[in-house]
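Please find the structures below.
Below, chain A partners chain B and then partners chain C, in two separate complexes.
Here is the complex of A and B:
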């Protein structure tokens, strides 16, 4: 390896460490016994996890986030996949404009979306309810589905669907038995990413959640702003594990696709 | 990482153009998009219309909300802070991200996969977790100050967080993957034999890189830089948690307006200006690098 190449690896390794180490350190600190965080921790203890499991508000927030994440994953995957099928397989005018519209919430500032959604939902007395968060999170989770499902549809051949139709299968039958199974790994990835988007989302949760719908990130936000209790490091570690699990689901479904194609 | 939507490919249902003129779906699946469009009309378009209405109506059509923003130095300072923080974050992300993306694009498949995973894991980790990490590391009694004190490098804890340094570190940490992923997507498609050809024709490694590789990677630079810059403009969590009173950005100012001052007119006007700023950065990046590069590589 040349000296330049070695320097490049050292530089790249340092940057990757900068990205990953802070997260690893929070996870390590969460197993420490003391109220003041030390690194390396002065001992091993489940104290902060016991605190989390024994706390009604933390558990209620966790269940709300899980339920919300599942509902958002289902709604965003259904809406987004239907839209992607229409955009990729359909022939209507302005398909590119529609695709752009459906992907645009990905780059719009979340705080602006939060303001607009507040103005929509306040007259309906929905602010502070899980319904508000369901609608808001579905909006920001759908673009990922449109991107992933759309890319998968572009890779697959529409002639299979035409064959099914010409053999007498109806519209829905073709959709259910041909189109959706061919892009199944993309649907699994879409649902996992949509779940994670909702599960980790904080700005919409603090603006639209209120005390009536406190998700896990909303409670964490309040914790970081106010008391900074070490229980937060335990909750953080749990969030990291959830992210890793979602990424593992995505990776496994992609491998499944590759091995089937091979 | 090839989730980039190809916004140019037509979906004629023919399968790559070489297929025979098969009859398209009948009925065609066009109408399946209606569900998403109805949902977007209610939850996306209508709220933005309401926002426009609030910013220009007080009561009766007026530019008062915008005039107030221009007249108030504290508001203008927030715009200045926002652009400064976003600009520095973009420059730092480029300096850190370009070599990392280059390394990924030019290494063997296995180390590339490991590097990719080590970028994607933080990318998909909650922003709150990563922000808390910096509070724990950089705080007054944080791990870095503990170490500096223990080694006798400083006399008393140095302020690393709740100021500009904290915000910049936190922003770069959150946004760096948004730079690396589009850069890598472009660099991975550069034919390595072009650099080899330049070398065999007598160019030095530096010359081959500057004259061949760097220009070809420019669309990735533009896509990554505009993506990071526009994300940074609208970012709320990091400035709100890691910043101090001098790091008020447009996003945190909107929150103050709406929650503390209950001034929805000014809040809506600020939101609209922020949206316009983000949209112009996106448009500029998309014109040069293609909209697909900006949104597709984002979620690999």
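Here is the complex of A and C:
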């Protein structure tokens, strides 16, 4: 191996380490036995996981986050896919403006969105309810769907949809039998990323959740503020595992599709 | 399907405008039931736009599409019962061959058993028996083409539209598919409107050709009429190779002549219609003969190029004021032109066509 290649490997390795070490340290600490968060851990125990599983508030927060994530994934994917079809296949005045508008929540500062949503939802007495979080998370997750599904639509051949029409399928049946199946991997990815967007979102959860709707990230944030309970590290590790699982779903669906079309 | 004959198609002042640009300009066309009609033209001539309007994918700006005596201009594409074959086949990648071909029957809510029977039968008729379970990605280009044909014909439409269907195939396969499409047309008895920019496809496959130029039909006729009796310079130049010699038509001694830069050339009797006006004499390369310079017939010139192209010898002869392309057989004993040597080009006036001349008509250098 030449010196240049070695340097490249070291450089790449350093970047990977920088990206992964924080997560690895938290995961390692979560298996430590001591009450004080300490690295390297002094031993191995499931103590903090047991603590998590036995804790009502932690479990309630987890279920809320999971339910919220699934609802957001479903709503954002449905709305975002229709929006992407309109933007990619449609021809109407102001198409580019609509596209920008739909993607804007992705670039707007979350804190500004959070404040705006708070002011918007407060008169409706929605702040502090899961509905507020559902609306807010769907808003920030939808642009991801628009981008991913839109890119997939641009790659598919529009004449396939014309063919379906000529063969006797109306708009809806063309959508159901042809358009959606051909972009299915993108829809799975979209749903997974929409889920994750909601599942690990903390700013909107703090602003809009209140005590009535404490998601997992919000509870963690409160836990960190008060005292550093080692249970937090166990929860963090679970959060990472769930995220990895979502990414695995995406990858598997892509591979499945490739082998079908190979 | 002889028991399901094709239906007639009529375009009535069909027009398509995009903003200030008119891509299809008041086209009038009648296609007879069971006919194979080709819309031929360069890109941007409006041929695909006509197809899109007939299929119902884009609404006409004005005018009407009449299918079997019934106006379909306001009908959604799924209600028109027209088969369409696309250049890239547009097969559904997530469906098997049988599912692709069965799709139009499923949309028509045919019972499963009947569907399967008709899919099997149609696949056999396009030469794809036994391919039912394959996915489109597992097929060759020619096979995909056949699936697309089967899918567009399985529901027995009266009209089949084909948009450059051979464009994506290699040369040999294209040759074979040309004949296959002709055979399928004859067997199914369906009316076909075929779009292509390839004049060879148009000439060999069509009952009639509509040659389009900037959104209008430049000429409508059989392959032979279009090739041998083009009405305009555009038609003569787009279809086949031709040499054009400008001049004025005059009568002298009971025969017609073209007076031009190349001297006085004999022309066919029909040219009388252009008497006294400027005209273009069109010479097709294979209708010309090369004769020795000492000969008394023909027009004198000099050989400036002679290329062996396989089935023929392609010779360019410079005569006074023009260059003429001559294609001669390569049989033994045929006259052999020598580059740089004098030669004479001869023809039978009946083999020529005369076109209206243009204001600034110039000799076309081939």
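Throughout what follows, the second predicted complex is superposed on the first by the 261 of 262 C-alpha atoms of A that agree within 3 Å, B and C clash if a C-alpha of one lies under 4 Å from a C-alpha of the other, contacts with A are read in each partner's own complex, and residues count from 1 in each chain.
Everything that follows uses one rule, which is that a residue touches a chain if its C-beta (ideal position, glycine included) is under 8 Å from a C-beta of that chain, and two chains touch if they have at least 3 such contacts.
Predicted model, so just to flag it, every value in this text is computed and none were measured.
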{"item": "First (chain B), second (chain C), both or neither touched by A:157", "value": "both"}
{"item": "Partner chain(s) touched by A:98 [first = chain B, second = chain C, both, neither]", "value": "first"}
{"item": "Chain B versus chain C as contact partner of A:165, first or second or both or neither", "value": "both"}
{"item": "Touching partner for A:173 - first (chain B), second (chain C), both, neither", "value": "second"}
{"item": "Residues of chain A touched, compared between chain B and chain C (which is higher)", "value": "B"}
{"item": "Chain B versus chain C as contact partner of A:244, first or second or both or neither", "value": "first"}
{"item": "First (chain B), second (chain C), both or neither touched by A:181", "value": "second"}
{"item": "Those residues of chain A which chain B touches in one complex and chain C touches in the other", "value": "157, 159, 162, 165-166"}
{"item": "Touching residues on chain B, where the partner in the complex is chain A", "value": "2-7, 9, 11-16, 19, 22-33, 35-37, 39-40, 42-44, 46-48, 50-51, 54, 96-97, 99-100, 102-104, 115, 118-122, 124-137, 141-143, 146, 173, 176-177, 205, 227, 230-231, 233-237, 241, 251, 254-255, 258, 264, 267-268, 271-272, 274-275, 278, 282, 291, 294-296, 298-299"}
{"item": "Contact set on chain C toward chain A in their complex", "value": "55-57, 76-78, 80-84, 86-88, 90-94, 103-104, 107-108, 135, 137, 151-152, 155"}
{"item": "Complex contacts: residues of chain A adjacent to chain B", "value": "4, 8-9, 11-12, 15-16, 18-20, 22-23, 25-26, 29, 36-39, 78-80, 82-83, 85-92, 95-96, 98-103, 105-113, 115-120, 135-136, 138-139, 142-144, 146-148, 150-151, 153-154, 157-159, 161-162, 165-166, 171, 175, 193, 196, 200, 202-203, 217, 220-221, 224-225, 228, 232-233, 236, 239-240, 243-244, 246-247"}
{"item": "Chain A residues touching chain C - in the complex, by the definition given at the top", "value": "157, 159-160, 162-170, 173, 177-178, 181-182, 184, 260-262"}
